[in-house]
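The same subunit A turns up in both complexes below, where it pairs with subunit B and then with subunit C.
== the complex of A and B ==
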């Protein structure tokens, strides 16, 4: 089943100005009366807002309620379309719909409903506070879904593994003209580098040491370049290798501006070898080397901010991402890919680990999302010309407790330890804000201009696929 | 003998909703749909518009052959079910063929009731239930000068409007004291009736036909009060009754329709019934009811399909709610729920004869019991949800009574998130 674009409503950002309704009435009915809009923002007594509009249902109730076959779901766009020529004005569709998504427009004399303005909704354009958002992520899924998965089937990751998600998505997008370095960690651990003489990828892959990933990859890239071949040199490394023992060589490669894409999957420790702490493990976290007992209460140091250190190398591109925000992730992946053609690109993806962090495997994306929403993890990007820019607002974070309580590795935390974490987060936020370009607006990476760049970057390889 | 896992008798709203629900969870089970009509599936509801010429009879079909092919459904049109043997799970069709089924849905709908009026069988008359009926009636329109419509239900009212728009003088005869009984109270019915009278349609309520005879013009209808109405076209819209003739010796329990439980199962195992043919729980009373409206057929069809395919998401039927949307002479009327206010219920009514607007809301213990509107916009689907969910409106009572549409939208939007 295809994925579709959708209009989402962020009630917390709505100020009730009604400009969306006016824009809709003008666009669809050439009228300045908000009554003629196909969406309605409503305030409850507590001043909270709700939105009544068509949900473009997957299994709509309006369609089977129509006796005249005047309604149908467009398989390509997902929009429920209404055919004026067939409609007999019986209003039975308005009985089927539970959300007032289709209603009689008295002035027009027939039912009307949202059609998403053919892909550029007027309401979204009119909404200044960003309460209405046209989510075009579906198109990314559609595009990427049509690309070949360049890992083999049956990799032996843990159930619900986020790392597998990150690496499969990444390689699909980066494409077949790639050589992959997979230093020790979960990526080769689940079989990416292969066994019995076969690789786990459909592209060349090698297994460097933790200490020499970046220079080995850089050497290969230089070799291909000398041979006149355009390949992407991609490292899929863990946080331990990158931030600890492999850091010296990573720093060197970044400083030299090697043309590689170094992607770090940060699961906050050495999870593959038995959940030991790394310098990216957060304060207070349980690991097998920072146990919880009478003497030890989890890790006693704060996590190293590796991506920020990479910014200080003035890399061609540095960004942080999360699998809970895929549109943002894809956009950054595309930018990193582009940057790696001329310089060092570094992408740091936060990746919850069901086994090592102790939470139910089905909750991976929820955990990833809560990490971002609570500011435990910050999403931003950096280029030497544009500086550092937050890609998701750090204002109004969700309570930290919502994040901590899902994770077994923080179950033991005392109020003092939580307070410590909170201070550390506040410091992080302050530091990032200091780095951030003051005038650069916080803009989610999922806005339509981003999509066009995904399209533009897709290149000839994709059209062959 | 030919075998099919799922057999669906009927090819209209209830049948198609069931088919869809089955295919959502069982993509492969063999499925056969038999429909008595020779055409692709269509809705009886569209027929008044075929009569008026607004709908092209070639463009009213609810599905095409490609749909059935894609859904891997054997669609056999022009075949009627004539007998079923529940014990051996065999269905007999009118062409003599037999089908063995694992699960059977009876979605054969209803047909027009022909009232036992002396003389009726000796004169020509029309009913409106099938495409054939509609085309026959349409062909008759141009030469019709004076039409008699027997019954002021939805079918009769639609037909009367079409006939009068086509230039005929129309008289509607209704036994009860108002038009559209069951959906609107007498005040609302008066507002609707007035629009007809303004268009020169004569409405005779509390009028009972006692005899019919052929007359020079066509037919003459004698009423209980001694008067006579004559015309050149007679349309019977005196209600509908379930199509159940094939049940003769099946021992499946029937009352006015086929009696079903909350999953639409009949008294026989592996046999379900849904739509106009079924008699299911009422939302309002203990006695199971017929509820011959399209939304009811869709809902019951879906439930039956889910039950037949063992869909674990199935929730039982919450009871039939009378519902209607009605457009006449450019006006619009909506009724949701029961108009019979229980003792102690709060009834709020606004009515303005001048603007022909009307709104009546019945709240029972803070919950929506029924809402009826003429030329006053409300969202019937939202109201239906408020009724069936028995949502307690006490906290928002004042605003709901003042702005039912806004409040209903607010509630449903928040419940969704």
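== the complex of A and C ==
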């Protein structure tokens, strides 16, 4: 059975403002009257909100209720489509639906229902608290679910390791015509490069030096290109090697526009060697080389913003991503893969480390999500032509304390240190916004984050799936 | 596209050692050259960049951001099957050390010129063998050239040795900074056809490839305290040592075949010059040999029984050849253009003395160090060496190193 994108309602985030209804009425009926919207938010006696809206059911009751065959489920999009030409205005469909998802619009004189705005729902865009969310995970299920996992089973990552998730998802998507370079760190540490004659990867894999991943892949890629062969050169690197000792060679390869997909899995330190500090370790964090004692209280400098530095190289593509936002991650992975065919593509994925950050392994995705929701991690993407744009709003973030309190590595923080982190986050947000303003095209064609980019990607993604 | 004239071949030319090396690389039809400037090798890679820019050499040029990446680029290209080249000197070689150490273990037949230079500090941009000598235990084959012609011929020969399937090791062709890098001489260029026949198609990654058509893990982790790990590591190491040992024959065979094709017969491992009936000898390395031969000729003219042994192949060390050449002498002196800090002598001296161990008798010997930091090693220097060696008695035991340019 196929999966479809869907609009989901988080009742706990809804404040009943009604802007979704207004946006719908404006978008679909050119009216400022919420009565003409195709969804309705209703409060119950206890003050909780419910949503009346078409669920685009897999087994819809409205369709067999229609005696005129005016309703039908679109097999491609999953949307139940209403055909005005066939409708006899009997309203039987409104009786059949349990969700009040199809109703009579008296001003229009016929029934109306949600069509998901063709993949860019106006209501979702209008919902500031994030109670309405357009979930595009269906694409992952449809396009990636059947792809082969190109790592072997039983990699020896720590329990709940996010890095393994990133690796497996990435290589499934990138596919078999790939050479993987995994410099020293957690990726080879869990067995991806193999031990004593065995390999952990089903594609060619190399364990380069911590310092030379990018140039080694550059030489390989250039020679294959010269020979007319299509091979993806994929780096699965950590933040330490990329931002510290391997930074020169990374910078050189980016400056030369080597056609590499360079993916950095940022767990904010040298976790494989025992949780030492890297330049990507945030201020205040405990690591084994920034310990907490009488004289010191964790790292005393802010993290280096490596992805932003890569933007300054004018790479073909740069983006940040998080495993708590997989649909976003997949979109960026697609774009990075495409960009790596003509230039240097850099993808920076934040990956909480259960072992090194000191939190229960079952909370990994929760930690990743809270990092983004609190603006500790910002999600954005950049291309030289479109500039930099945030792919998730940084306005109205969740309190930082909700993120910090989950992590043992911040347990010792003083109020002053938390205030420092707050200031740093504010600076980061300001910096990124400045870049976004300065570098985004002024053209009104610039679209908000959402489905328009999905459509643009369906061509290449489908042809490679 | 109009046909572009390739680099010249089959004729005479006057050029310096760096241009000769570049011409050899072009004649070897390499697939990829990675470059980074450093004195005194810069003009070598500039020649190659120009050959490629002019379409005279069909190869990929990578202007890397440092020597570390230069060699890393070549490792990746070689693992994809490319015949590759680069050159470096002194501090550049030092910066390259991490991938340099790894290349022989990967058994990648990369050829790299070391245009030799003294190492820092004292700060110095001039010639000396200290850079190449500092990496002598890394596992690369190292050959030292005496003349510009030998630079050209040896650079081509290096590919044949490196890619020989029972060798599969990277090769350094060492030529002296200043004296060979910039010294101009008349050379004979081989015919392109002869080079093509001599080298054949690149045969680089049959054993270890990063190729989706032949998926494998290249160089996975080995070792650990138990299980198959340590034995796996030992198997690789022993194989590398065996390849190095076989390089002696490979170098001999390649020189013989090159001589047959071109008529130029360079001594492959060591050259014995006027060693018949000699009582004394000078042992040399690199471009100093010319002046040393002149001094030997003068001494011979004065009826002194002096000869010369030039070491061309320093890694692997041709211990048997060296020992056979020197064992029957009364005394010899080894002239080094670099320093062995641990033993307070020249590194070649230490090698030669080691080679003579275990024989029935060892002649008395002495280490001479000269030509550091670009200083000229003149006929007069070698006259002094011959004089000193001739006066040494047949007694064993350590002797102080003679520093030829010292101001006592």
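Just so we're on the same page, the second predicted complex is superposed on the first by the 306 of 465 C-alpha atoms of A that agree within 3 Å, B and C clash if a C-alpha of one lies under 4 Å from a C-alpha of the other, contacts with A are read in each partner's own complex, and residues count from 1 in each chain.
Rule of thumb we're sticking to: a residue touches a chain if its C-beta (ideal position, glycine included) is under 8 Å from a C-beta of that chain, and two chains touch if they have at least 3 such contacts.
Remember, predicted model here, so these are calculated numbers, not experimental data.
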{"item": "Subunit B versus subunit C as contact partner of A:295, first or second or both or neither", "value": "neither"}
{"item": "Subunit A: partner with more touched residues, subunit B or subunit C", "value": "C"}
{"item": "First, second, both or neither for A:32, with subunit B first and subunit C second", "value": "neither"}
{"item": "Subunit B versus subunit C as contact partner of A:416, first or second or both or neither", "value": "neither"}
{"item": "Which of subunit B and subunit C A:256 touches, first, second, both or neither", "value": "second"}
{"item": "Contacts of A:396 with subunit B and subunit C, given as first, second, both or neither", "value": "neither"}
{"item": "Which of subunit B and subunit C A:59 touches, first, second, both or neither", "value": "first"}
{"item": "Common ground on subunit A, meaning residues reached by subunit C in one complex and by subunit B in the other", "value": "none"}
{"item": "Subunit A residues touching subunit B - in the complex, by the definition given at the top", "value": "11, 40, 42, 44-45, 50-52, 55, 59, 61, 64-65, 67-69, 85-86, 88-92, 94-100, 103-104, 106, 109"}
{"item": "In the complex with subunit A, residue positions of subunit B that touch it", "value": "13, 16-17, 20, 24, 43-46, 49, 54-55, 59-62, 294-295, 298, 302, 323, 325-327, 330, 332, 334, 336, 377, 379-382, 384-385, 396, 399, 405-406, 408-410, 412-414, 416-417"}
{"item": "Subunit A to subunit C touching residues, read off their complex", "value": "176-179, 188, 193-209, 211-212, 214-224, 226-227, 231, 248-249, 251-253, 255-256"}
{"item": "Residues of subunit C touching subunit A in the complex", "value": "31-32, 34, 60, 62-66, 68-70, 72-82, 84, 98-99, 102, 209-212, 214-224, 227-229, 232"}
